[in-house]
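Below: one structure in structure tokens.
Note that the chains are named A, B and C in the order they appear, and that numbering of residues resets to 1 at the start of each chain.
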Amino acid sequence: MAIPHALRQHELAHAGQATGVWSWITTVDHKRIGILYGVTAFVFFLIGGIEALLIRLQLARPLNTVISAETFNSLFTMHGTTMVFLAIMPLNSVFFNYLVPLMIGARDVAFPRLNALSYWIFLLGGLFLNASFLVGTPPNAGWFGYANLTTRQFSPGPEIDFWMLSLQVLGASSIMAGVNFIVTILNMRAPGMTLMRMPLFVWMTLVTQFLIVLAFPPVTVALIYLMFDRFFGTHFFDVAAGGDLHLWQHLFWIFGHPEVYILILPAFGIVSEVLPTFSRKPLFGAQIMVYSGILIGFFGFSVWSHHMFAAGMGPVADAFFSIATMIIAIPTGVKIFNWLATMWGGTLRATVPFHFAAGLVGLFTIGGLSGVMHASPPVDLQQTDSYFVVAHFHYVLIGGSLFGILAGATYWWPKITGRLLDERLGRLGFWIIFAGFNLTFFPQHYLGAIGMPRRIYTYNPGPGWGFWNFWSTVGAFAIGFGVFLFAVNALLSLRYGAPAGADPWDGRTLEWRTSSPPPPHDFDEIPPVYGRDSFWRDKYGDDRGRKPVPRPAAPDPHGVHLPSPSHWPIVVALGLLVAAAGALTSLAVVLIGAAVLVAGAFAFALEHHRTPAHVRQDGVLGVDHRKLAMWIFLGSECFLFGTLIATYLAYKGRSVVGPHPHEILNLPITTLSTFDLLMSSLLMVLALAAVQRGDRFQSRLWLGGTALFGLIFLGFQAYEFTTFVHEGLTLQTNLFGSTFFVLTGFHGGHVTLGVLWLLTLLVLDLRGRLGVQDALKVEVAGLYWHFVDVVWIAIFTLVYLLP
Amino acid sequence: MRVALAAVVLLAGGCAWGGPMSTVVPASDFARSILGVYAIITWATALIGLTVFVALGYIPGALPRAAGRPPARQIRGHTVLELAWTIVPALVLLVIAVPTIQIIFRTQSQAAPPRGLAVQVRGWQWWWEFRYPDLDVVTANELHLPVGRTIVINLEGPDVIHSFWVPHLGGKRDVVPGRHNRIVLTPDRPGEHWGQCAEFCGASHANMGMRVIVQPAAEFDAWVARQKAAPAEPSGLAAEGKTIFAKSACVGCHTIEGVSAGMLGPNLTHFGGRTMLAAGMWPNTPDNVAAWVREPQRLKPGAKMPELGLTDAQANAVAAYLTGLK
Amino acid sequence: MSTPSTARGHPTTGEQKPEHASIRIYLIVAGILSAVTALEFGVIYVRRLAPVLIPLLLVLSAGKFALVVMFFMHLRYDSRVLTFLFVAPLVLATLLAIAVMTLTGEFLVFSR
């Protein structure tokens, strides 16, 4: 009998049972990390909420003077940035972390230390962003920071630097977590859990994680361009030098639109769990719900310019994105109807989670329909940048995402804490939030229709906006009160709540099988899975009342082992934070941070080099976790380099001054360096083959050779860069200089990292610590190396060869 | 017909839908085209919304019956139903899509109409510059247009992205440095319409309003003639104001025909004829102008106009001069 | 050349894929890559090919790209899931790159 993939041959640890601050700092347990995300995100949510209340206070009356213009502009910027990146996304992460392993019958995620690293980077990134308040320069150009308002010329201070650096740091956290969860879901499912038997929440999580790993690279590149413009004098968003301000908008919204699906799909997944449980009926059309989620995710990449209908892209582009946006409404609408059908004819129980889930169905319908209105460019030209769109996105983000989060929080609260929330207090809180929310935002549709623009710190009484602004403010405070009641309920429950059993709701999915809260190892035995809603089947049998014949639970021959705690995640995160802070202070600080980051990363990577349990990490798909992770990461890198290359080509020929490519690119030399890099790939596969057959001499020869050829490539590049500078082409000279050096420079940076990686493997090999059992590590390094090579093939053709 | 539908919806709403910035009281062909599509979409989405809410209304009714019943029939799906609620919304979307595409192409003409009146709009932090190249007129913050003529509004930078929005006259269009956007519209009745910048552009984005005065042809021509004529010689307090103006830093930023040629701020040659001051912030009265001239930075956050250190008397004189520039 | 880590690297489709590339295949691929690179360098100087230069270069480099991915990165011999996980983002990224170039006026066919 095959050994279940979820087993890990780790040393027995007491990690999950320890208490004390250090145990929380070094935890790698997905449940604890989920709780950390929850507490941190909730605090940021409160901060974002206070920012909103201050905004509403200022807008309650015309020509109000409670908040100054500058402060107001920072408030709406921070409110948006905080709620999107520091509240909603990490609150969703609570459920990804805590529930996904439980729901698929795993004991943790694929990379527990990487998981911890994601959390610490999130915490420190969020603190860094909010530190801007402490120095009096909070970001103030909106959460989507349109260039060229954000360039040094129009925003000279550090406000935008805080914003830009924080987002890059937070993006790294999200991408790491994305890779982690994709590998977990694909590779660590319990026996019998095929993809189509996975709970909908896990499916929506899977789609969300793909969106994250693919959508973040474009905005990372946009932020890099902005950073280079602001710090190093490049011209990406310099109109006089030929820069195109639409480029920022395209790159931002290519991220930004999938981002809103990242925010909403988990909520959809939660509703798809909650409604069936409290209707005592299966999810109606579960397969269609899976497919519609996949379609929404995929088509989410085709609609981004509907945020730009006023930008002047021309009628053809407007028409294309209009149709694409309408198309995406179809799978979204299907979900609404399937949820309604789930409830129809069900034995309904009006618990608090049910209230929030049903509330989402109604409120998201309103938000979705106002979205359909926005999908028509003529209509959108009146509605966009007004309070109408503010109403739209708050309906989908609060009525959708937040209500989903609250449904999940109240639903899984007993599982996570072992206690029940008070139902009456919960229902009261729900109705106050519901009423307050609608009072705040429904009238904003009207305000937009009578012409109130968004992002204005005050307004004249003339257009008649005062009345509903006042009541909108009242509603906002009601929301605040409702959230307060939720917090009170939570605290009371932790102190005095009735103990919850393992299955207080008569649930349908695997997490209800284990105790509340689960033991550190999640399940005493990995439960076998016989179909969708497998726990329900175990309890009640299938549709014909037949209970499944239990398969003997797979034995754990070595007992249950847990991943060991580690302090390296927080060290690496601290290094990253210090480096980011250094960008605002001095180069020395950047270098210190980078040193800590690099040293920490080395220690992190080598921490378990000799741990037997880490040698083989095969999964359900028959692929090692790490190999799967690398391929997913390379998919993400396709988006990174795709963006860099697209920008180079889009800006080609637009430099206002020379030198121009044909005047300066050295084709013969570059052809040689290309040949060198291609041959290095050959050496790499020879190295891997040598390691795999245990040939110590050849493994060292070819690993060293690959690294050497990599260094030669870097040498060619250094020669090229210095020659260009001598001939008058720098980052700052013109658009060509900016795009060329950033594109090839980042590629060179990737090569450098690759060389470091190879040299590390070589050193390990020279010290006799790279054996046949480590072949997979060499294989994964090889995948990275070859990818860097194929990116160069693309760059060589598109930059050097094309006329 | 479509506009009638819209009117029904609006009246049914019961709220006041008028107002100087309303998006649903059209005063041009552009605005009417938009409103037609707006009406169709509003009906279509209201229909879908109603369906969903009626279905949701089932819940409260279903609850009391739930107590004590065994688990419901475990229905997993119904292909016909699911197909139905995929296809029906798709058809509804088709109903929305067709007029949408038509109006997109109708309102975004590729070529400039040959007999249109060209207006060049430049968006500055935080005011609007208006030039009529064919008429050789330059003004700021108040745009005059003749009824019934096709207007071609060309939007040019030059600093950050702004958005030109006069809701009565139609949808908004961004002013993007480095790009040339255009709005083509024909105002169809006289009136005063308000506009405001609709893309966040910095500290005083909220204070970047404008007025658009649509006039019968004769009145428009008279206005043009006044704009092109030299302003009358001031006397008394206003003359003192002119002297102060000519000797102050004002001349570095503002143009007054025959007095100064500054290019960084609004053209003030016929400032007195405008109804509002500082891009729609206050009525153009001597008291308001005096207050503005004394402390622009306090009144308009971030304003590029510096404190000039004028005494009250000097400010009053300058205000008398400026408001006299009709 | 089978190894512990790759022995399980097969999809459950029952398809009979060869387990591993041999050194010989690697050397052949390396030879093709070198030859094509030299060819690309030469081709840009041949004036007769100027009208088809761009598609020709794109095809040649795509071929090199595919060879490295299929053989050096072992995708030809590995689970189909990995192929999907890499190729789908690659295709999507390429489409988006073309879209961005079009929308910023690179291909004047679609510009205003």
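The definition used in the following text is that contacts are C-beta pairs under 8 Å (C-beta built on N, C-alpha and C of every residue); 3 or more make two chains touch, one makes a residue touch a chain.
None of the values given here were measured: they were computed from a predicted structure.
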{"item": "Centre-most chain, if every chain is reduced to its averaged C-alpha atoms", "value": "A"}
{"item": "Longest centre-to-centre distance from chain C, chain (CA-based)", "value": "B"}
{"item": "Where chain B and chain C are represented by their mean Cα positions, the distance between them in whole Å", "value": "51"}
{"item": "Between chain B and chain A, distance of the C-alpha-averaged centres to the nearest whole Å", "value": "37"}
{"item": "Whole-Å gap between the CA centroids of chain A and chain C", "value": "28"}
{"item": "Per-residue multi-chain contacts in chain A, two or more chains", "value": "244, 246, 312, 314-315"}
{"item": "Contacts with two or more other chains, residues of chain B listed in rising order", "value": "110"}
{"item": "Residues of chain C whose C-beta touches two or more other chains", "value": "112"}
{"item": "Residues on chain B engaged by chain A in the complex (per definition of touch)", "value": "13, 15-17, 19-24, 33-34, 37-38, 41-42, 44-45, 48-49, 52-53, 55-56, 58-59, 62-63, 66, 69-78, 81-82, 85-86, 89-90, 93, 96-97, 100-101, 103-105, 107-108, 110, 125, 155, 157, 159-161, 163, 165, 167, 170-174, 176-179, 181-182, 194, 196-206, 209, 280-281, 301-302"}
{"item": "Residues of chain A touching chain C in the complex", "value": "186, 214, 218, 244, 246-247, 250-251, 254, 301, 305, 312-317, 616, 618, 621-624, 627-628, 631-632, 634-636, 638-639, 642-643, 645-647, 649-650, 652, 667-668, 671, 674-675, 678-679, 681-682, 684-686, 689, 692-693, 772-773, 775-776, 779, 782-783, 786-787, 789-790, 793-794, 796-797, 801-803"}
{"item": "Residue ranges of chain A in contact with chain B within the complex", "value": "68-70, 73, 141-142, 146, 148-149, 154, 239, 243-246, 279-282, 284-288, 310-312, 314-315, 318-319, 322-323, 326-327, 329-330, 333-334, 336-338, 340-341, 343-350, 358, 361-362, 365-366, 369-370, 372-373, 375-386, 446, 448-460, 462-464, 540, 543"}
{"item": "Residues on chain C engaged by chain A in the complex (per definition of touch)", "value": "1, 3-6, 8-12, 21, 23, 26-27, 29-30, 33-34, 37-38, 40-41, 44, 53-54, 57-58, 60-61, 64-65, 68-69, 71-74, 78-79, 81-82, 85-86, 88-90, 92-94, 96-98, 100-101, 103-106, 110-112"}
